[in-house]
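Shared between the two complexes below is chain A, which has chain B as its partner in the first and chain C in the second.
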Partner chain A sequence: MCETDVFRPRGGKVRRSFVEKTIDGFSQVLMNDFYAERIAASRGLMQGLHPGSKVVTTLLLILVAVCLRSWPALVLLNLWILLLAYVSAVPLLTFLKRVWLVVPVFTGVVVLPTIFNVVLPGDPLLVLFHFSGGGHHFGPWMLPNVLAITKQGVHGAVIFVLRVGACVSLSVLLTLTTRWTYLMRGLSMIKIPTLFTMILEMTYRYIYVLLNSASEMFLARKSRTVGKTSTREKQRFVGSAMGVLWAKSIVLSDEVHAAMISRGYRGTPRTLANFKLRRLDWFWAVFTALAGIMLLGGDRLVS
Partner chain B sequence: MSVKSNKAIFELAGVAFDYPSGEKALQGIDLTIDRNEKVVLLGANGSGKSTLLKILNGLLFIKAGTIKAFGQDLSEKSLASEEFSFDFHRRVGFVFQNSDAQLFNSNVWEEIAFGPVQLGLPEKEVRRLVDDMIAMLGLEHLQQRPPFRLSGGEKKLVALASVLVLDPEVLLLDEPTNGLDPRTQRKLIRIIQQLSASGKTIISTTHNLEIVSEIADRVLVFSENHQLVAEGLCAEILSNIDLLAQVNLIDAEFHVHPHATETLVHAYGETKRH
Partner chain C sequence: MHIPDGYLSPATCAVGYVGMLPIWATAVKKVKKTLNSKLIPLMVIGSAFSFVIMMFNVPIPGGTTAHAVGGGILAVLLGPWAAAICVSTALAIQALMFGDGGIFCYGFNCFNMAVVIPFVTWFIYQRMAGKTEVTSSKRWIWGAIGSYIAINVAACCNGTELGLQPLLFHTAQGVPLYCPYPIWVSVPAMLLAHALMAGPVEAIVTGLVTRYFQVTNPSVIVDQIAAKVEPVKAAFNKLWFVIIGLIVLVPLGLLAPGGAFGEGSADDIKAALGYVPAGLAALGDRYHALLQDYGVPNSPFSADAPDLFHQSVGYYVAAVVGIAVIAGLTLLISKLIASKEAGNQQGH
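Our next item is the complex of A and B:
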């Protein structure tokens, strides 16, 4: 088979095999982690805060976001989060892409039907279609005379998207500006059981070991592949790779457990409470609480 | 656990161990390892030497025979005692062959602190021990780095630090130089020699004949039948070509330097003769 038939089938554009795409996927995960680690290590407001204080205030702000009912208050909260991201050395464009390219798509799909009067009755904002001889009953459901986008539907959808956006922004900001280790310490501070945070820490740690193993398997496969492979063959390889990875993870978990026992672990994990709250952390917690109360108060006045 | 005047640290008699599948891993092992000895367990892959190290660390329990550590029985029952377990794990450290298995914490500092924290040492003491160990092995630049961003040599050093931080009397090293570049291998060998000179008992496994004389005074040879078939000083064992061939440590093409009448081990300007 001619080489160009395999690698440049259409218009000279390179078509990548599923193996190459998977290897790229593995690299992308590592790249994302490097990127997040770099932001977490930079100097900024959020990076300077105690992880426990950050976790508590983030949860508080998420609670405020969930309780807000007016769009101006939610817009204000989202702008405040953007400002926080800015003063925490988070590149705004990347931050906006991560949140506002994803949130509208997923939440939009969820709330889209509710903007139409056929799902949620309301005052028409934009009439799309007139049904001839409307008012038909379908069981308990009545078809209206017109298909319209409603004011109440749009308002509800905007509130929903803004609310989800604020919650996702806060979570992204917390994870981007906090190293995983510190985040786990923060969770321990709010009385999340140590065993739970330890499992999370180890999961994070071993994802990369297993990712390396998987990457090597795919590279080995790539090095031995000439020409095209059938879909059935690809499925067989992926299935067997999953099996091998599973077996490797079992062996590894046994070894890790042995290594823990060897260093004195006796089934109950112990950790150092190695963070102390500083004045800035208290100031931040009080400031966030007051800001949350003011936002809620303003929200009640507007709505 | 009280320190006995007896020199022996480990005493094994008729030790046997089977894998869960029923396959034999060790048979009829009789041996004694004394305080401050530098011993290598030499054998081909699958001969049972790593299994023996795990048994010596109380991670696996024997099927037959007896094993004593510091004069006391080493068994599942004795290790269930908090006092014995604390003392034993403080006195016996194990560096695994697979560093990835040993480095399970989020960063190097926490990795080194894991042992002291699990043994319930006070926070101030933990911090002092960890910081001292980091300074001793020159790991300052790595202390906040997650293990998956370390090179193979760095991982091995951190694994060693995570064990040495408890200042164990006995150090068990499973294939310590496997997969290391020459410079890191040399650094590790020097550390092992310094630890031995400071009075620690060093028990290593290897199938790399080149490093045996550098990390051991006495060699225990394991056959592919999972038995201890010979023991002696490095020079005796390493010059016994028939024995080494029989246990699959050298092949028919093995040869020594034609210009030398003795085995030569070269290492950065040092030459040792046996």
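Our next item is the complex of A and C:
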């Protein structure tokens, strides 16, 4: 590979090749998973809850977050989620980094243009610039006299970022504190067909088998390439790698099928359901529902 | 193309799930008919494959890289129904494990990426190259063109879903509640990004992988599970019902009782649709009457009328008490669970 395009002495900027990026991406998945597994195994509020109760309450809180529309209510919800993370042994710094470094960057950039009056008309909050030739029409769009940050724009953007942040933190909290197999039990409790939860559960396992295969392919490629390669050549490698992976996958699927058949599989999935809802789980669900209603009520009063 | 939670209103998300349910059910039924007990292993491995190829960095001219969705190549290899199941599963894992794409928006994410991309690719590929020789270059070329068009159609759908939000859901002051860009901004923006970046990547992947199998192992392309599952035309006839259903449901879903949360006030809906359903108008009046009884204070962003101040003090006290109760109970329950688990461990 052109590892010379990794090192650029003049620009001083290091750019990684697609091979390295892909291998990094793969190991990131593994690291993420080990990390989540460790948190899921520690003791805390969310870990102690029945997966069914946890899935239902998380969905409920996401619904609340999506329905909220005043910033104080959204800030409160976010603070409550942080408290939940804290009592669930999730390191707060990591949690904050995962949610509040990522969301403002992506979602914030998306909504940023809407705070200006040229994109979304509104009452000016801060005038940045006076146009000399304002009032011109370009088709349906009119150039205003001033460039300003609008009240409505800032209001909307703040609410939007807070809401997306709340939704993301809730799903991060759920997956950090729940093992995949337990999560699938939780999903089947809300009447998601066993067929789907079983496919999800097994897919999760085989992702690692395929990731390993793919990672070896990329590593092998990296270790035997010297010099410069054209984009076309690189693309051909990615195409072939996918092809090889597919061929391997088909063989693997036949093997898995044979293994399932030999263990008595007849075409209908069965699972061992060994979780029981305790009083505490019910209590938690009711409490979350009440808290959600309270937040929504308060939200409607101030918005 | 993954829509995170918070970009779409809950009513829209519900429409997405309602639209996807029959598609998933049909997909499972069709694929099961040909695969029987092989359904689960093949779909599992197909889903894992779909997940992994979404992680491949595809080099593009200029030295950067991009990711492909892989819906196109899966449609060529497995047929659209099986591809729909595999991509849906991969998307579920992305949403649950990595927070890529929201849980509520999962329905529409699946519609865009797991239904539109495979079906459009398959339709074009099959129409244009379905009857050619296995090694014919028409196959990989039409596979590539098909997935390029497919991803742009999907981008259009995505842009429409996002673009409907500000038209239907905003506050009385005109603050958009969900995705703030209207349809005439969101659709061109999505299309531009996909026509220039994601489209070519998807086309490269579908074309190259199809070509790879034509050269190394043509039987993979001939023995399509797809070919045995359902003739294309019949598959499309069924899908049209779902698409028409979705188009009808989008406005209906917005007017459903759940839409009251979205709170397009009657006037907004009138502006958007041209009329106001009578039931909604009545509901809206009752809702506002209810709030007026409680003496609603203004938003902190609008200029507070002084006489409302006294009323709002009560709310702030209630809010502070409420917050204290929520925080206190959260801590209490976590203590209870901790002590219970400690007890369990001693018991073992």
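Just so it is clear, the second predicted complex is superposed on the first by the 260 of 303 C-alpha atoms of A that agree within 3 Å, B and C clash if a C-alpha of one lies under 4 Å from a C-alpha of the other, contacts with A are read in each partner's own complex, and residues count from 1 in each chain.
The rule we apply is simple: a contact is a pair of C-beta atoms (placed from the backbone, for glycine too) under 8 Å apart; a residue touches a chain by one contact, two chains touch by 3 or more.
If you're wondering where the values come from, they're calculated on a predicted model, not measured in any experiment.
Of the two partner chains, chain B is the only one touched by A:181; chain C is not. In the superposition on chain A, A:65 contacts chain C only, with no contact to chain B.
Legend: residue contacts after superposition of the two complexes on their common chain; A:263 is shown touching chain B, with no touch to chain C.
Looking at the shared chain after the overlay, A:155 reaches chain C, while chain B stays out of its contact range. In the superposed pair of complexes, A:95 makes contact with neither chain B nor chain C.
By the touch criterion stated above, A:252 is placed in contact with chain B and with chain C alike.
Residue contacts after overlaying the shared chain place A:204 against chain B and chain C alike.
Considering which of chain B and chain C touches more of chain A, the answer is C.
Once both structures are placed on chain A, chain A residues 180, 202, 204, 206, 209, 252, 256, 260-261, 265-266, 269 are touched by chain B and, in the other complex, by chain C. Of all residues in chain B, only 54, 57-59, 82, 85-86, 89-90, 93-94, 96, 98, 100-107, 110, 113-115, 117-120, 123, 126, 144, 146-148, 162-163, 166 touch chain A in the complex they form.
Only residues 179-181, 184, 201-202, 204-206, 208-209, 212, 252, 255-256, 258-266, 269-274 of chain A touch chain B when the two sit together in their complex.
Residues 4-7, 9-10, 13, 24, 28, 36-49, 51-53, 55-61, 63, 65, 73, 77, 85, 89-90, 92-93, 95-99, 102-104, 171, 173-178, 180-181, 204-205, 207-209, 211-213, 216-217, 220, 261, 263, 291, 294, 296-297, 299-301, 315, 318-319, 322-323, 326-327, 329-331, 333-334, 336-338, 340-341 of chain C are the ones that touch chain A when the two sit in their complex. Contact residues of chain A toward chain C in the complex are 5, 15, 18-19, 21-22, 25-26, 29, 32-33, 36, 43-45, 48-49, 59, 62-63, 65-67, 69-72, 76, 80, 83-84, 87-88, 107, 111, 114, 120-122, 151-152, 155-157, 159-160, 163-164, 166-168, 171-172, 174-175, 180, 183, 195-196, 198-200, 202-204, 206-207, 209-211, 214, 231, 234-236, 238-243, 245-247, 249-250, 252-254, 256-257, 260-261, 265-267, 269, 280, 283-284, 287, 291, 294, 298, 300-303.
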